[in-house]
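Below you'll find a set of structures to go through.
One chain, chain A, appears in both complexes that follow, with chain B as partner in the first and chain C in the second.
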Partner chain A sequence: MNRAALPGLLVVLGFGSFILLALVLLFLAGDGLPLERLAGRQVRAILTFTLTQSLLSTGLSIAGALPLAVLLHRHRAFVGRDTLVRLLALPLALPPLVAVLGILEIWGRSGVVSAGLQSLGFDVRLDVFGLQGVLLAHVFFNLPLAARLMLAHLERQPATTFRLADQLGLVGWARFTRVEWPLLRPSLGGVAGLIMMLCIGSFTIVLTLGGGPRAATFEVAIYQALRFDFAPSLAALYTLIQLVLAGTLLFLLSVVGGAPQDRAGALPEEAGFTRPVPVWGVGLLILTTLFLLAPLAALVAGGLVAEWGRLIQNPRLWSAAMTSGVIAACAGLVAVATAYALLVARSRGFGANGIAKHLFEAGYGAVGSAVLAVPPIVLGAGWFLALRGVPAQTLLAGGLVMLVNALMALPFVLRVMAPAFAASERRYGALSSSLGLTGWRRFVRVDLPVLARPFAVALAFALVLSVGDLGAAAIFGAYDLVTLPVLILNLMGSYRTGDAAGVAFLLGVFVFALIAMAERSHKVLG
Partner chain B sequence: MIELRGVQLDLPGGARFTYDLSVATGVSLGVIGPSGAGKSTLLHLIAGFLQPVAGIVELEGVDHSRSDPSQRPVSMVFQANNLFDHLDVATNVGLGIGPAFKKSGDDLGKVVDALDRVGLGGFEGRRVSSLSGGEAQRVALARALVRDRPILLLDEPFAALGPSMRRDFTQLVSTMQKEKQLTMLTVSHTPQELTDLCDELAFINDGTITARGPVETMLNGSDNSDLRDYLGHPAD
Partner chain C sequence: MALTSFRPLVPLALAAGLVLPIAASAQDRVLTIYTYDSFVADWGLGPVWQELFEAQCDCTIEWVAPGDGVAVLSRLRFEGGSTDADVVLGLDQNLIAEADATGLIAPHETDLSELDLPVEWTSESFVPFDYGYFAVMYDAESVENPPTSLAELIEGGDEPLVIQDPRTSTPGLGMVLWMKSVYGEEAGERWEQLSDRILTVTPGWSEAYGLFTSGETPMVLSYTTSAAYHMLVEEEERYQALAFDEGHYMQIEVGAAIAGSDDLDLAREFLAFMISAEAQNALPTNHWMLPVRAPQEPLPAPFQRLVEPERALLIDAQTIADERGAWIDEWLDAMSQ
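On to the complex of A and B.
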């Protein structure tokens, strides 16, 4: 081990302690775990709802994504294909609360669909609150994700496989059963596991669309136990169950080989397939586009008709924007700096082998993906209890939300930075070592200029995640910490949906501007 | 002077390379062998990019088996990526003097002299991206000049160059090696370059040096069957 390992080691120890302390604080706060409630009706109801909604969300998302991915892979030349592939990435970047508002505008009681049905003479008002609303929102987020993952999986197969299928005249159902399904099947476990993981840990969607205590995941239950009932022991019990659920799923995910990589749209042109899109395909493409675009369009429309004159004079909006901006900027910088320290330590800090390297690798993996097993709401819950009776609560709460957000962004930041860092190491690693470029000098002379764009892209992703996060911020809202998502939630709670739509529009514009900048950088990066 | 005694390196997959080698000061040794035989690995062990699991790497009489690459009396020119693309030519060469950000007037003079020596006078402010392959290799050589280490390792430095550039570059390296009495190891697949550059050749097969001798003997009169196969002179 050498000096290059130190910052990375400090990160692993620091974040590791941050996570462990959050859990310890939570478990010590109450009067012991109420284990007798494990078999109680409430826990059973939450468990049933959590598993039901996550299984159904996963099944529906995959059922919709499978034909879409196959279609997009088979037909590469139709007008709008690239736009649709990009549209599939949009929900991934959209803050959940913003999407929820868009979904309400379309599918809510006073939404576009209800109005349309009534104008056709049907006396129907859709009720989106409850399991159906949760499923709708989860499918809105996860169908595009699943489609992109499956499309990327197909695109990674050798082009000759599909050329051979073309040559043999395998089209339609025969092509699906003989070629595409056997190729996709091994990746489905990973895709399903990932979606299930996201749905089990769903907080914002269930909180806003669940429609009350009868529809709660464990994350929502933790929030409610702390914010409304102030029952730390119950929150600790729910945390324990959530950890077991997430841990089991993570383990199963690792057994099936993890989620495939998302690199849709990378196939060379010549591997394309130029038959016209069949009728069922045209229908599917139109439905998918409408399903994804309608809430976004409704958001824009809602934003444009908001009472901006009144809204921009509201000091709470500017205060929330400032709070969100500062927290997101700090979280982004911390996440990028942390990822850099981890990557440097991993690549330059240890010899080729040895116990220290293996231990660090384990720590790197744990910190890099901790947020999947220990979600933001759990981290926030532990530290929320620690702030009771402490002076400068709002400031400390802001710092803690920032740290939770940084940790939450870390897996995504690492995913952007690690390949670029590895490429730079392959290219300049030996040369830099032979010239004695280490530490600060290596950062300034080599890493910063070479990796400036991946750093910027990673920072943009971290900002997007942080600025749209409701999980940790919602818990700390009790300490007068109001971010933009918390403000939207408060406005929705007081039935000021017009104002909520306006703030959501602002947040959406900010997020899409960041994504557009990141996309441009990605293009330049190649 | 280079001395490798019982140097062993474990590779992923369980294979083990073992090197014993002695190269006297001022000798230019060419290293040949099939792809994957361990030629570049030998250079990387000497340069310190790889750490042996056993044995001694002695350079200029000092045990460097565990020392950092930058502490070794070695300069290395790679097949490609010898320069930092985002820095100008002078800064790339100046890094051979040391990693410090500021350079003295003397240091800058050395950089200018070295670039003159390799025929690139006036290129100081040029971006690396504007250089041809041959010019880039010359800049790397200029950096090796200012670095002024007694051992020079060349890992297929001509591979990316066209025939006339190869000739010029070989001549430049040969002159530099003789003037400075450098101990030099060159990995190449091209017999002509090795004939022009080297006093001796070593043949590596499966991670071990199995034959060594004067260039002419090795290329035309060796009785090592693996070497003859490699050169395309199968046994009669």
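On to the complex of A and C.
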């Protein structure tokens, strides 16, 4: 171990204790865990709903994504294919709250679909609140994710397999059962596990579309126990259950093997049909596109008709934008800086082998993925309690939200930076060492110039995640910390949907601008 | 090098300082009032009272509205002795025993002799400033057979109803107590039956009422007096309150001074102001509740046409303080099925 390991070690220790302290604070705050509630109806109801909705969401997402991925893999030449593949990446970047607003515009009781059905003479109004609304939103987010992952998985298979299938004249159903399904099946466990994980930890969607106590995940229950009842011990109990649930799933996921990497659309077009897309395929493509585009279009429409004249004079909007901007910028920088420290330590800090290296690797993995098991709500909850009665709460709350957001972004930031960093180490590592460049000087002279683009891309991802986060920010909302998503939630709450749509539109535009910039840099990177 | 990971904290500290509200200058007297959100909405009573009170107090009112009424109490309990509040406004009689138990409330020391409430008022910490009766508001153009009793609401019809969460909202809590006073031990079962027609449960009154006025639900839990708003301001007759045979649960909204206030005199001045003739005159047509002192002029005509409950239901505050947790659990259990 040498000095290069120090910052990375500090990061692992710092974030590690940040997470552990959050849990300790939460468990110490109450007066003992109300274990008798474990057998109560509420815990059972929350558990049932959490499992039901996540299983259904996962099943529906995969069922919808499977034919889509196959279709996109088989047909590579139809008009709009690339746009559709890119569209599949959009929901992932969209702040959940923004998407919820779009979904309400389409599927709500006075939404586009209800209005359409009524003008056709049907006396029905859709009821989006409840399980159906939660499923709708989860499929909106996860069907595209599943489709991209499966498409990427197919594209990683040797092209010869598909060429052989072409020569054998395998088309349609036979091609699916003989070639595509056997190839895809091993990846399904990973994809399903990842989606299930995301749905079990769902907060914003369940909070806004659940329609009250009959639909709560443990994340929502933790939030409500703290903000509604001020019952830290109940929040601690729910946290424990959530940790066990997420931990079990993570374990199962590690057994079936993780989700495949998302590299859809990155491969050159080689195999694939040039024949026209079959009728069912055209129908499916149109439906999927409509399903994904309609809420976005509704958002844009809602954003355009918002009363901007009044909105931009609202000081709360500007103060929220400022708060969000500062928090996101700092969270992004912290995430990138800590990721850099981790990568440096991992690559330069330790000898080839040894206990220290193994320990650090374990810490690196734990911190990098901790946020999957210990969600922002839980981190927020622990520190939320610690802030009671402390001066300058709003400032401290902002700092804590920033740290939680940085931690949330870390896995994604690492995923962008690690390959670029490794490549740069291979190229310049030996040279830098022989020139005796270390520490700060190596950062300024070598790493920063070489890695500026991947750093910027990672920063953009972190900004997008942080600026759209509701979980941590909602918990700390009690300290008058109002970020843009919290403002949207408040506006929705007071049923100023027009204003909420306006703010959501602003947030959406900001996020997409960042994504577009990042995408362009990414392309330049190759 | 070790510094790189902490450097970003410096701009955060600097920039976040800019976001903090600028403290009022020292010579101003500031009265911080915690209340519920719809009270301080642009169209609410808050701005009206603020103008009236600031004209006479040589002070500035700062509102903090964390949500509906029960959320205000949760916030007070959470902040404990470190709270910034001078006055808490908009809890109701159901919560006063619990609020008293926090030890945060100062005796009101206000002259209540002018009060004209349908019930005797004995609390020495809380000053009532309005009252009303919970009722289900309905849209006559969407509800074909308006229920005439709580039982009919529970058993018949499929028009959806929106209620509020009793963990955050005083109307939501009021409905739990209403069901409890009518059905006692069977309240849980009756809630399970009612839950079929509940479209959604909102955290507060304003969210629920927003769903009603925008046409998302034809029925909403509110007050008998809400109808007066539609008749008087919108000249609209279609939105009316349902009269229920079992009687209506009553709500008395209260304010109190916080014992730890920097300016307890000013806080008490505000309590006295709430029940002054001028504040009470402004109340019915801005807050759509009934005044706690006999009006100097008769209330506008639509107020004479409101549902008059045959029986006013009320559970005493101490019982509620003892049972609220259990009753809300009962409600949660029924609603999560």
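The rule is short, and it goes like this: the second predicted complex is superposed on the first by the 525 of 526 C-alpha atoms of A that agree within 3 Å, B and C clash if a C-alpha of one lies under 4 Å from a C-alpha of the other, contacts with A are read in each partner's own complex, and residues count from 1 in each chain.
Everything that follows uses one rule, which is that contacts are C-beta pairs under 8 Å (C-beta built on N, C-alpha and C of every residue); 3 or more make two chains touch, one makes a residue touch a chain.
Keep in mind that what you see is a predicted model, and the values were worked out from it rather than measured.
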item: Chain A as common anchor, with chain B and chain C clashing or fitting; value: fit
item: Touched partner set for A:Met402, first chain B, second chain C, both or neither; value: second
item: Chain B versus chain C as contact partner of A:Arg178, first or second or both or neither; value: neither
item: Which superposed partner A:Arg227 touches (first chain B, second chain C, both, neither); value: second
item: Angle, in degrees and to the nearest 10, that opens at chain A between the C-alpha centres of chain B and chain C; value: 150
item: Touched partner set for A:Ala337, first chain B, second chain C, both or neither; value: second
item: First, second, both or neither for A:Arg388, with chain B first and chain C second; value: second
item: More chain A residues in contact [chain B versus chain C]; value: C
item: Partner chain(s) touched by A:Pro213 [first = chain B, second = chain C, both, neither]; value: second
item: Which superposed partner A:Arg163 touches (first chain B, second chain C, both, neither); value: neither
item: Three-chain overlay, closest Cα atoms of chain B and chain C, distance in Å; value: 16
item: Contacts on chain A seen with chain B and repeated with chain C across the two complexes; value: 438
item: Interfacial residue positions of chain B with respect to chain A in the complex; value: 44, 47-51, 68-71, 74-76, 78, 81-82, 84-87, 95-96, 98-101
item: Chain C contact footprint on chain A (complex, rising order); value: 3-4, 6-7, 10-11, 14, 40-42, 45-46, 49, 108-110, 127, 129-130, 211-214, 216, 224, 227-230, 319, 322-323, 326-327, 329-330, 333-334, 337-338, 340-341, 388-389, 394-395, 398-399, 402, 438-440, 443, 478, 480, 493-495, 497
item: Residue ranges of chain C in contact with chain A within the complex; value: 1-2, 4-5, 7-9, 11-13, 15-20, 37-38, 41, 64, 66, 70-71, 74-75, 77-82, 160, 165, 167-168, 195, 198-204, 206-207, 209-211, 214-217, 329, 331-333, 335-337
item: Residue ranges of chain A touching chain B (in the complex, touch as defined); value: 351-352, 427-428, 430-431, 433-438, 441-442, 444-446, 449-450
